[in-house]
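There are two complexes below, and they share subunit A, which is joined by subunit B in the first and by subunit C in the second.
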Partner chain A sequence: MLAHYLQLGLRSLRRNPMLTALMVMAIGFGVAASMITWSVFRVVSGNPIPDKSEALYTALIDNRGPQYNNAGNEPPEALDYDEAVALIRARKAAHQTLFYNIGLSVMPEGSHDLPLNASGYATNTDFFNMFEVPFQYGGAWTAADDDARAAVAIISSDLNNKLFGGANSVGREVTFDQHTYRIIGVTGHWDPKPRYFDVFAGMTYAEPPDVYIPFTRAIDLKIDTSGRNNCGGAPVHIESAEAWLHRQCAWIPVWVELSTKADAQRYLDFLTAYAAEQQRAGHFNWPPNVRLRSVMNWLDFEHVVPPESRISLFVSVGFFVICMVNTIGLLLAKFMRRSAEIGVRRALGATRREVYEQFLMEAATVGLAGGMLGLILTAIGMQGVSLLFEPEIARLAHLDFSLLVMAIGVAVLAALIAAFYPSWRAAQVQPAWQLKSN
Partner chain B sequence: MLKMTHLSKVYRTEVVETYALRDFNIDVKEGEFVAVTGPSGSGKTTFLTIAGLLETFTGGTYHLDNLDVSNLDDNARSKIRNEKIGFIFQAFNLIPDLNVFDNVEVPLRYRGMKALERKERIMGALDRVGLASRAKHYPAELSGGQQQRVAIARALAGSPRLLLADEPTGNLDTQMARGVMELLEEIHRDGATIVMVTHDPELAARAQRNVHIIDGQVVDLAEDPRFHSAYVAAAGQVRG
Partner chain C sequence: MQIKPILTAMRHHKAGTILIAFQIALTLAIVCNALFIIQQRVTRVMRPSGVEEANLFAIDNQWADSASVQNVGAQIRADLTALRQLGSVQDAYATNSFPLRGWGWDNYVRLRPDQVHRTSDSAIFFTDDHTLATLGVKLIEGRNFTSSEAHDVSIKTLAAWPEIIISKDLAKKTFPDGHAVGKPLYVNSDASPSVVVGVTDTLQSHMTDSDITPFAYDAVLVPGYLLQGMTRYVIRARPGQLQAAMRDAKRALVTQSRMRIIDPKDGVRTFAQVRAKAYERDYGMAMLMGIVSVVLLAITAAGIVGLTSFWVGQRRKQIGIRRALGATRADILSYFLTENAMIGGCGVIVGILLALGINLWMVMRFEMAHLSGLYVLIAAAILLLLGQGAVLAPALRASRVSPVEATRPA
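And now, the complex of A and B:
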């Protein structure tokens, strides 16, 4: 019977074409506005690593004193070299990684090609496992490579395409800033959004990284950070390589993997003990001030979701609600104009429930048509997202299969909700009165 | 087949009570063709809608096919309407978006009948009213008489025990009206029970029995002293 109602619903789209068109447009525009803003909001507010977000933490230590801290005596959002290396060497977590941003020039094979710029990270072996970096070829380097300061590199599939035409380049050599590295792995497509582990350097919505080299190797080569170097206004004197390395600035994020809440508490105790030890040793002249923030806690703390994204979502949902209120009125008008038909159907044996179901299905077909129009408008609207958002945010908006299903689903669901009252009114039509009035 | 005893229907507002039917008694036997006549506002259509379970009544009892239908819920009333009663309306009441075949199919759909059986019944009913060749036409493409024939086919397709007709020829010219009336007589000869409301004394005279409703009550025109002289005069006109 539902299939029959669906058939009647499709047929009824042709009835009162003006009313139908108004309803389809109301739903279509409402859906499109909501889907466009949602497509941005879901990326910026989503959990970038759902299966591990409760197990990954960034470790923060106040290494400069309260006078340089953020509001609320919050410690800096990254560590200096000494603290970062000390935490990694302590090995108090199941996995721990540190990194900093690097920008290198890459010399392609063949003398005719111009050098390329490649951005990425100087990090350690745990980075790849902790952040679930997929590999197209090869894999991560080992802890032994870290210790040996090995000249190995991992490149992205994108860079691999540019340098080697997409072939398996593991074992081949590549030149970064006139230093030769052996390629040990090629990552698959990997672009977590937001890039939770690198909020500090402002790379939250940046293009995916191209290259990774061992942290120890980068330090040996004195490759400076291309990311943020927050000295918080403290005086910095860099007269030597040693002074450069040990400057008291925040530039190296440290992340640890802790499976349970108990592990996290133990690690926090360790951080506190470490800071207390530094205070006793005279390195810190302030009481321990440490933080351990999980992924979602960190994103929330950093206010990663752009305010315009949230506001535009609220506005578009509000617009959708207004469209739905209009749709209720239009459906009511459409259905009540058919009181005579309802009377006939009731006289011929339709129960109220059957009338209700029939009209709900008719509304669903209107929703389906509205969803289709909404999809077209969403696709068009995606081209104009840059008018609302910064380019790096706007590029995140795209129409994928899940959004397509969602647009249709939301349209049909909204039409069904809008039809509850009009369909109920239709089901209450008294057949006797309708037939008498004819 | 249809028995109403001391039945009443009262429309109440805050200030007034209006009796549409009062102490209404009627007994229609199976296979009868009864014409119900009466002036406008006498309660004919109210009687028909109550008989067709389209409306509830205020007092009295109503047995349809030996079943007391006084206290049935909406679903049960819908089921009885669907299975036991066929309606023919003055305004045909075909659904304009549906073609002839689909219009006749409506009550069968609500009965949950299989597609093959539906098709057989629909084509059988359309064949009986002489419109099998118009199955794919829409109501707007048919004459008034043809539309009423489709409505009759729709009423017949479900093989109802009782056919209720409300001014079935009221919207038709004389020739079409004659055709529809002949069809109803043929259906009656085949064994159907028909209750027909009409203003037209000529049509009423073609029924087996006439029931007159005045002020919401069934009256015997020949016996009731209030109407005796008028009845004799009218009967003379019809005979003449």
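And now, the complex of A and C:
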């Protein structure tokens, strides 16, 4: 019977082409606007590391005093060298990593071009396992390499393609900034979005990193950060390269892995104790002010979701609601125009329920058609996402199977919801009255 | 016009009336907030940078050996000499950052060394005697730097900067009495102050984020060449020779030395590109809100046409009777126009309340400004006119219903 109603519905679509077109367009535009903005929102607000987001924390310590902190006496968003190294040495978490941004030059072999820029991180061995970096060839360097300040490097498959034509380059040598490194691993494609661990340097939506070298080696070579260095307005006295390394500025994020809440609490206690010790030693003239933020908490705190994304999502949903209100009105007009037809059907023995079902099915066909139009408009609109967001974000938004199903599903559901009242009104038509007035 | 019969008739199609009013209300609420967002974004984009942007471009030059950046001072000077000698180039200077770049170095500015709270958070631009001419920024007070004042500055041995030039807005903030030249400011070291030797006309900082707007026009110009991994050249081409100058400049730098990285994709950018990048979210947001508003108004108008047409069709017999009893075409026309105006009026009133509510929520949620009444009024007027326009066609059709209809079965 439902199939028959579907047929009736399709036929009815053709009967009032203007009204039908209006409804299909309203639903189509509403669905498209919501889907486009949603496709961006789900990327920027997504969980970049779902299986570990509750186990990874960034550790923050106020190392320059409350007078230089932002509202709410929040400590700086990264650590200075002394605090970062102290936390790594303490080994109070299952895994702990520290890093800073580097931009190195590398000469493609046999090339006559200018050197390439390879950006990435100076970090330690735990980075790769904590942030789940996949490897195409080889693997991470060891803690022993960290301690030995070894000249080893890990490169991305992308850089490996440029330098070695994609061959297994493990064991080969590469020159960054006039210094030679032995390649110990080649990462597979790895590009978590948003890049939760490097929000501090504004690399949230940046291109994937190309190179990793040991933090200890980078410090020995006096490689400067290519990322952010935030002294927060505190006066900095620097007379030498050594003093520059120990400056009271935030430039090194530290992340720790703590599998249970109890571990996290213990680590927070350790941080507090550490800051208290610094206060006793006279390094800090203020009470301990520390934070331990999990991945999602950190992303939220840093306002990683651009306000434009939220506003456009809200506006689109509002737009969709208006489209639905519009559809209700039009369906009402369309259905009530057929009062006579309904009267005849009811007089011939159709129950209210049957009338109700028929009209709901008719609305569903409108929804289906609207969904199709919505999909086409979404596909077109996706090209326009780059107008609203920088290319780094825009390229992340894409039309996939789940969005496809969702667009059709939302359109049909919206049409059905919109049809509840008009169909009910149609089912209430009094057969006697209609027949009499005819 | 008789209001009472209209009210009585409305009671017979309550659902449709409420739906149209509700749709108008929602549309109004969204459209006036959208208009307001457009206006705010456009205002941001339209504010002047203070720089003469035509014929200006920038090169991001990364030194290939980051370990030896302490020695690039001589190379920067040689690069600048080569750039300034190019036929297509009018002037050039080397810096760490420039207006509208988005990222850069900013320092707290204090009037006294023991002052804890900042007077401003100001952009730090490293410059030389060619900077003002290259940017096309005028000096409104004091003097320009001399060529001998631009020393090599290592980031690792920061001493106080003896002389600085500041932007007009920073001068106004720090010395409201209007005499900044010769006065000390603490911008770097709290051991010794920098003396203001000049004040520029309006000059925007590198900061374009909305949350640091209070400091958007605060800039400190420091004489010197900052020795770090990235040196940026800002170059003014001779009028009409921008493309040639961009090509020549890159070639001249590579001829000087190949130990540098200039990104083939965005290493060389015109100032127009810099501006577009700085405001791309604003352009995008304004465009999105514009499209949403237009489509929304179109859909609402279409909805009004659809429902009114239905009502006219439903009431042909009644209209025929009224016509037979002596009502003129104008009476019928004004009946439908008045009915629609009443529904629209209700919708607009509800919509205004809704719009203010949404704005209040956005103010709290996104730190947006309060909606100005002007935009509410504009949107309300647009919607009322749109409603009357949409109802015109069906109402005219109704007015053409012949009195004969009264005698026909429905």
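Observations, loosely collected:
In this text, the second predicted complex is superposed on the first by the 371 of 438 C-alpha atoms of A that agree within 3 Å, B and C clash if a C-alpha of one lies under 4 Å from a C-alpha of the other, contacts with A are read in each partner's own complex, and residues count from 1 in each chain.
The working rule: a residue touches a chain if its C-beta (ideal position, glycine included) is under 8 Å from a C-beta of that chain, and two chains touch if they have at least 3 such contacts.
These figures come from a predicted structure and were not determined experimentally.
When the shared chain is aligned, subunit C comes close enough to touch A:105, but subunit B does not. After superposition on the shared chain, subunit A has more residues touched by C, the comparison being subunit B against subunit C.
Contacts of A:15 after superposition: subunit B is touched, whereas subunit C is not reached. In the superposition on chain A, no contact is made by A:380 with either subunit B or subunit C.
Of the two partner chains placed around the shared chain by superposition, neither subunit B nor subunit C is touched by A:143. Of the two partner chains, subunit C is the only one touched by A:221; subunit B is not.
By the touch criterion stated above, A:1 is placed in contact with subunit B alone, subunit C being left untouched.
Within subunit A, the residues touched by subunit B in the first complex and by subunit C in the second are 438.
Considering their complex, residues 15-16, 19-20, 22-23, 26-27, 29-30, 33-34, 37, 62-69, 103, 107-108, 116-118, 121, 155-158, 188-191, 228-230, 254, 258-263, 277, 280-281, 283-285, 287-289, 292, 295-296, 299-300, 302-303, 306-307, 309-310, 313-314, 362, 365-366, 409-410 of subunit C touch subunit A. On subunit A, the positions that touch subunit C within their shared complex are 18-19, 22, 25-26, 29, 33, 67, 103-105, 114-117, 177-179, 202, 221-224, 226, 233, 235-241, 243-244, 306-308, 310-312, 315-316, 318-319, 321-323, 325-326, 328-330, 332-334, 336-337, 387-390, 421, 425, 437-438. Within the complex formed with subunit B, the subunit A residues making contact are 1, 4, 11-12, 14-15, 340-341, 343-354, 430-432, 435-436, 438.
Those residues of subunit B whose C-beta lies close enough to touch subunit A in the complex are 45, 49, 52, 54-55, 74-75, 78-79, 81-83, 87, 89-91, 93-95, 97, 106-107, 109-112, 154, 166.
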